[in-house]
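In what follows, structures are represented as structure tokens.
Next, two complexes with chain A in common: one pairs it with chain B, the other with chain C.
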Partner chain A sequence: MVTRIPSLDDPRVLVETPATIYDAIPPYAPRTEREAEFYTLRDGEMLVNMGPQHPSTHGVLRLVVKIEGERVVDLDPVLGYLHRGIEKLSENADYHHAICYTDPLEYVSSLFNELAPVMAFEHLLDLRVPRRAEYIRVLSCELNRIASHALFIGWMALDLGGITPILYSFIERDEIVEMLAALTGQRMLFNYMRIGGVNGDLNHEFLSRLGDWMGHALAQVEADTALLNQNEIFVRRTRGLGRVDRRTALELGISGPNVRACGVPYDVRRAHPYSVYPELEFEIPTREEGDSYARYMLRIDEIKQSIHIIDQVMHQMPDGPVMAQLPRRITPRPGRAWAAVESPRGQYGCFAISDGTDQPFRFRIHDPSFVNLQAVVPLMPGNLLADTMAVMASLDPVMGGIDK
Partner chain B sequence: MLVGPVRQRHDQTEIRIAPGSVIDVLRTLHDDAAFRFEVLADLAGVDTGDSMQVVYHLWSETTPDWLRVIVADLARDDPRLASATFLWKGAEWMEREAYDMFGIVFEGNRDLRRIFMPPDYTSFPLRKDFYIADDSSRSPGLGVRHMEQVHPPVASAAPIRRSRAR
Partner chain C sequence: MSVVARSSGRLSPSGKVVVPLLGALVLLLVVLLAGVGTGLIPAIVIWIGGVLIANVAIVRFVVAATAVLLFTIPTAFVIIFLELKVIAFMNLRIGPNRVGPWGTLASVVHGLKVLSKEDFTPTGADVTVFTLAPVVTFVGSVMAFMVLPFGPGLFGVDFNVGLLYFFGVGGLGVVGLLMAGWSSFNKYSLLGGLRSAAQMVSYEIPLTLSVAGVIMLAGTMSLNGIVQAQSGSFLDWFVVRQPLAFLVFFIAATAEANRTPFDLTEADSEIVAGFATEYSGMRFGFFFFAEYVNVFLLSGLAVVLFFGGWTAPVPWPWPVHILLTSSELGPALIALIVVVPVVGSVLFALPVWMLRSEWPFWRAWILGLVLFSLLAIGALGIYLLINLDALLGIVWFFAKAYVFVFTFVWMRATLPRVRIDQLMGLAWKWLLPAALVNLFLTALAILVVHP
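Now for the complex of A and B:
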């Protein structure tokens, strides 16, 4: 199959070029019912290719959009540009090693990526984690959640064409990232969680930075979001757009702030409590509208709840060791384990099978962005092409996690 | 319907069912007022070395446990299973992933094509007989660069790793 395109030298001359799999219409017969339906164009419809190197696709995502005029008719996300085969790599690495592979999955909230596998491995080992380690885990994870949500606010505004908010939200995010760097030794890929605890105890620099930050954290959030909450352009481009109802949300399996914005109070921290969350007092904010604006506002509410949690953790933090005693080479008994945590994007799960050796037999990562991104397909039809990115940004997918 | 013992460990309950009963079991778990497993937490393929499995993790507010439904003993050379998209539309991509990585065919999924690997790719990377140099993960670059299985595993290669956790 060839396509004919006008020559650069003389537009009247058509040059034949062989079709590749990167053309909008793939050069092979449709393989599935859905593909056949999508790549058949009716009158007035055309395909537009967005990405894979589009600046607002939050990574490397290719969207094939079918449009009629300015309206989106259908959408086909093409994934895999960041696929690194992390599950396969982890199945050929030992348990401690597998945890470092999970860091670059969802690179905005790495601590959650580590926490889920670590918890699954601890189930396999029947291991109890010292209480101080549990508190430190919750503390660092909630800080990471705030950093991730702060970045989301900036990104979302950026995708809507506002450049200023990201400059402010990066201030907040950078303060937290520096704080976590003092704790873990790394700015982004922390590699801090260990099977049986955490890598190191709280140190002086971390605590002094945390104290500083806690003094102005809430005021900072208010200041960041004041730029957007009442901004007429922002509100008009988000309110009522990309609306999901409660039933669709459950059917699609979307989780995290996206499902809570439709009125479903599903948060793994309360739905299936882990770590020390049962001992902490916090609310699960929900909203009923289910549109982009609700998803945005919900994340601001969550930042406030996280600050509240950090406050309690700092007051209740017990003394003691931060690592359980365990041998360096670990060989769990044969068995299966599943652990899920509430990451900033939703339910982040890990399923591990042990076969008695020092390497996981099966290592499965369930990423919330992967499921959430699916929701753009039913959400988009009828919207303007320019709003595609606005709705996608409000779902907050991170391609590193989606593509594994 | 159950083809194995019900196991409980930590916060997880595990049941094991035959491939033929997957629609009935999932529908009952989802719709029955006594169960109400509304959230499909995960859908994963597993290659045990002898057979294929599909593992569902479900959440319900009626129980403090995660429910793990293992669909056991799918034929390794032609694994086929009914799709769960009639209950959870969101299972579509997870089934595509299981197809991409293990070659498990979900009948009833209307978009079962590869999701991570390129469309002209022919092998299934997470199967246990997929060739990967032994120490590729310990020394990055070795064996990772050429992940595509160009040659079938030869007889002298290391035996397929088989799960002892059945």
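Now for the complex of A and C:
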């Protein structure tokens, strides 16, 4: 079968290509050396197009996998299926408005998406946030981190064929989502952070739910993960799989739990402290192995640390306002600001340039998923096709953040 | 103007059904009257009866085959319902609860949905092979049912090489999966088909070898003979003498039935739906059907080979065969049919009438009759259970088999999936040597005990 496609040089000229509509080969001449090498099949090799619609790609990632039998030879992630132009949209909105746009970026941990730009804008404005607001920010973000990690645990099991753990971990996630809904009014895209504070103070329903949950949170996490942690099949499938060594991880710029699983204790909360984290006691759990199992176990440790942080925040919560006094129309003086937070997936940063108007001149999001996803290309070759999803799941990318 | 004289185009939709039916009924009546009048129909009936009696074995086979074929449908439905409900329970969900009491008809509705869906054939598929594949898979499982003994005297055929036949026909399923994988013109299907071929071929060997010890102990390959060799108490079951073989058999059977943790052929998180990716409608339904029939089949085989088949775990302690002697049978029957219902129903009706004095007596009496009938059916059931070995056997067989079905479902709710190299490693590095060791030990034991 031969397909005719428009030529790259002149769209009116049709050229023949060996690729058919059934192949994952792009219908144009290779544009880079890497592309030419990747899309040339040697004897016995086959391209399998995983995604953008596949039961276990996280979101709409398309992985073109070159396989020989069951073994992965090479891999090419194709991005852009969820691009919504959020950065550009935010540059055409005023500062308050931009926060709503960033909300659905990494939709599993929305509060962090709001926190980073809010902090950047506060740097531009040289604004001091009330201490109660800072504590509430930390509290809600840590809750969101637990919800995000709970989803990760379930997804990891689901990608390895276990159907029950996701429903167990959703016990936690659902309770936290209900809690945050009581606090913010939304279940998923909270839109809670404001420049200069947060949208509302803690309310009775949130506090009573939190108090109920904190009583058994640690025991519940242990109980929910017990099905998987020591499961022989799970351990054998993940231990030693997708191993990243410390050097590669640093070279690729991986952050978050993925880099801490390689033994690098890099956590933005401690490395570049923000908000009230310097006043709180918590550990940065690390693991040396750097494999999928380490990445999984590390997230469970982080859930426990987050519960510890929430406990302290509730004990140290000061009184006072939750919003700073500032005008409705914000016009920061010209300048540039960078703010980074430790999101459940790593260093989530925001870079904003102000030109003195009420709209950011340049608005840029640094998303950890995008950086972490790079690791899948050097990690995969040599593994089996079934491991593609196990490695992908353990890196925990969210396509909403990658494609922006 | 009569209804029949109308042109069919003017009939209402129900008329279009009713009128031809009426016509067919009238025609049938005429044919019957004419046949009986000329003596043709009695002659044909007598001739057919003669033929049937002359070929009892064939008739028995056909009846058994039909019964088995029909039996697969409720079996699949029950297992699908069990899977939905048990996994829901283990997942802390409610599960199906809309159709029928406790959602019991959910699987029937699933079946109807599958029937009503579009039967889709992808471009580029090898249509003949694509169409045949589900049939081959399904036929393989149903054919294996023929030798499975459900109770004493309740089996399709009693082969002297029943077990061999079972594995031979059971192996047909993989041909169907491979055909489906190859003909679908889809890379996921191809991978799934190849995986299933590799998996089945690897696991047939430990499966068959693990059973060899049982064959040596029973001295026969007939499944009936194997069950009879285990009659007695539960200490005579082969699982006591062949625990290692049972372990190997169970793991290999899980892989043969494509169940979690060995469901690599349809691993949804890796290769979408494997061989079934391009199938829809009833063709897909047939694959599913075959899978669930296979689950029951291998559970039944595990029961027959290792858990004494239809035999009770302990010999029945109560006196059996309390049938009335033939001289007492006549008056007893009259009493049963005439006297007991009348007296019994009135006895049941009286307390009802006392409690509900506003009712007329006939109303209480009808309720009494219903209550008495229920009691009578229950008593009859218990009587049959004690007296008919076949019925008792079937109850034991199903009880044991569904324990294994439940275990398969339980494993699906609990375990993640293994990887293809681990799957192969398990078969060749662990199960095969274990089966061989078991075979060797069994042979040695037989040599020592019965030289």
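Definition applied: the second predicted complex is superposed on the first by the 381 of 404 C-alpha atoms of A that agree within 3 Å, B and C clash if a C-alpha of one lies under 4 Å from a C-alpha of the other, contacts with A are read in each partner's own complex, and residues count from 1 in each chain.
Operating definition for what follows: a residue touches a chain if its C-beta (ideal position, glycine included) is under 8 Å from a C-beta of that chain, and two chains touch if they have at least 3 such contacts.
This is a predicted model, so every value here is computed, not measured.
By the document's definition of touching, of the two partners only chain C reaches A:M46; chain B does not. Contact with chain B, but none with chain C, is seen for A:L252 once the two complexes are overlaid on the shared chain. Contacts of A:F234 after superposition: chain C is touched, whereas chain B is not reached.
Counting residues of chain A touched by each partner, chain B versus chain C, the larger count belongs to B. Judged by the touch definition given at the top, the superposed model places A:I163 against chain C, while chain B stays out of reach.
Judged by the touch definition given at the top, the superposed model places A:T388 against chain C, while chain B stays out of reach. In the superposition on chain A, A:Q347 makes contact with chain B only, not with chain C.
When the two complexes are overlaid on their common chain A, residue A:R128 makes contact with neither chain B nor chain C.
Looking at chain A, you'll find no residue that touches chain B in one structure and chain C in the other.
Chain contact summary for the complex, chain A toward chain C: residues 22, 46, 48-49, 54-56, 70, 157-164, 167-168, 171, 227-228, 231, 233-234, 236-237, 384-389.
The residues of chain C lying in touch with chain A in their complex are 87, 90-93, 124, 185, 187-188, 191, 195, 260-261, 263-264, 267-272, 412-422.
Only residues 21, 26, 28, 31-35, 79-80, 83, 85, 87-93, 97, 123, 126, 250-255, 266, 271-272, 334-338, 340, 347, 349, 351, 353-356, 361-362, 364, 366, 370-371, 374, 378, 403-404 of chain A touch chain B when the two sit together in their complex. Considering their complex, residues 9-12, 14, 38-42, 44, 46-47, 55, 57, 59, 61, 64, 66, 68, 87-94, 97, 101, 110-120, 125-126, 130, 132, 134, 136-138, 144, 147, 161-165 of chain B touch chain A.
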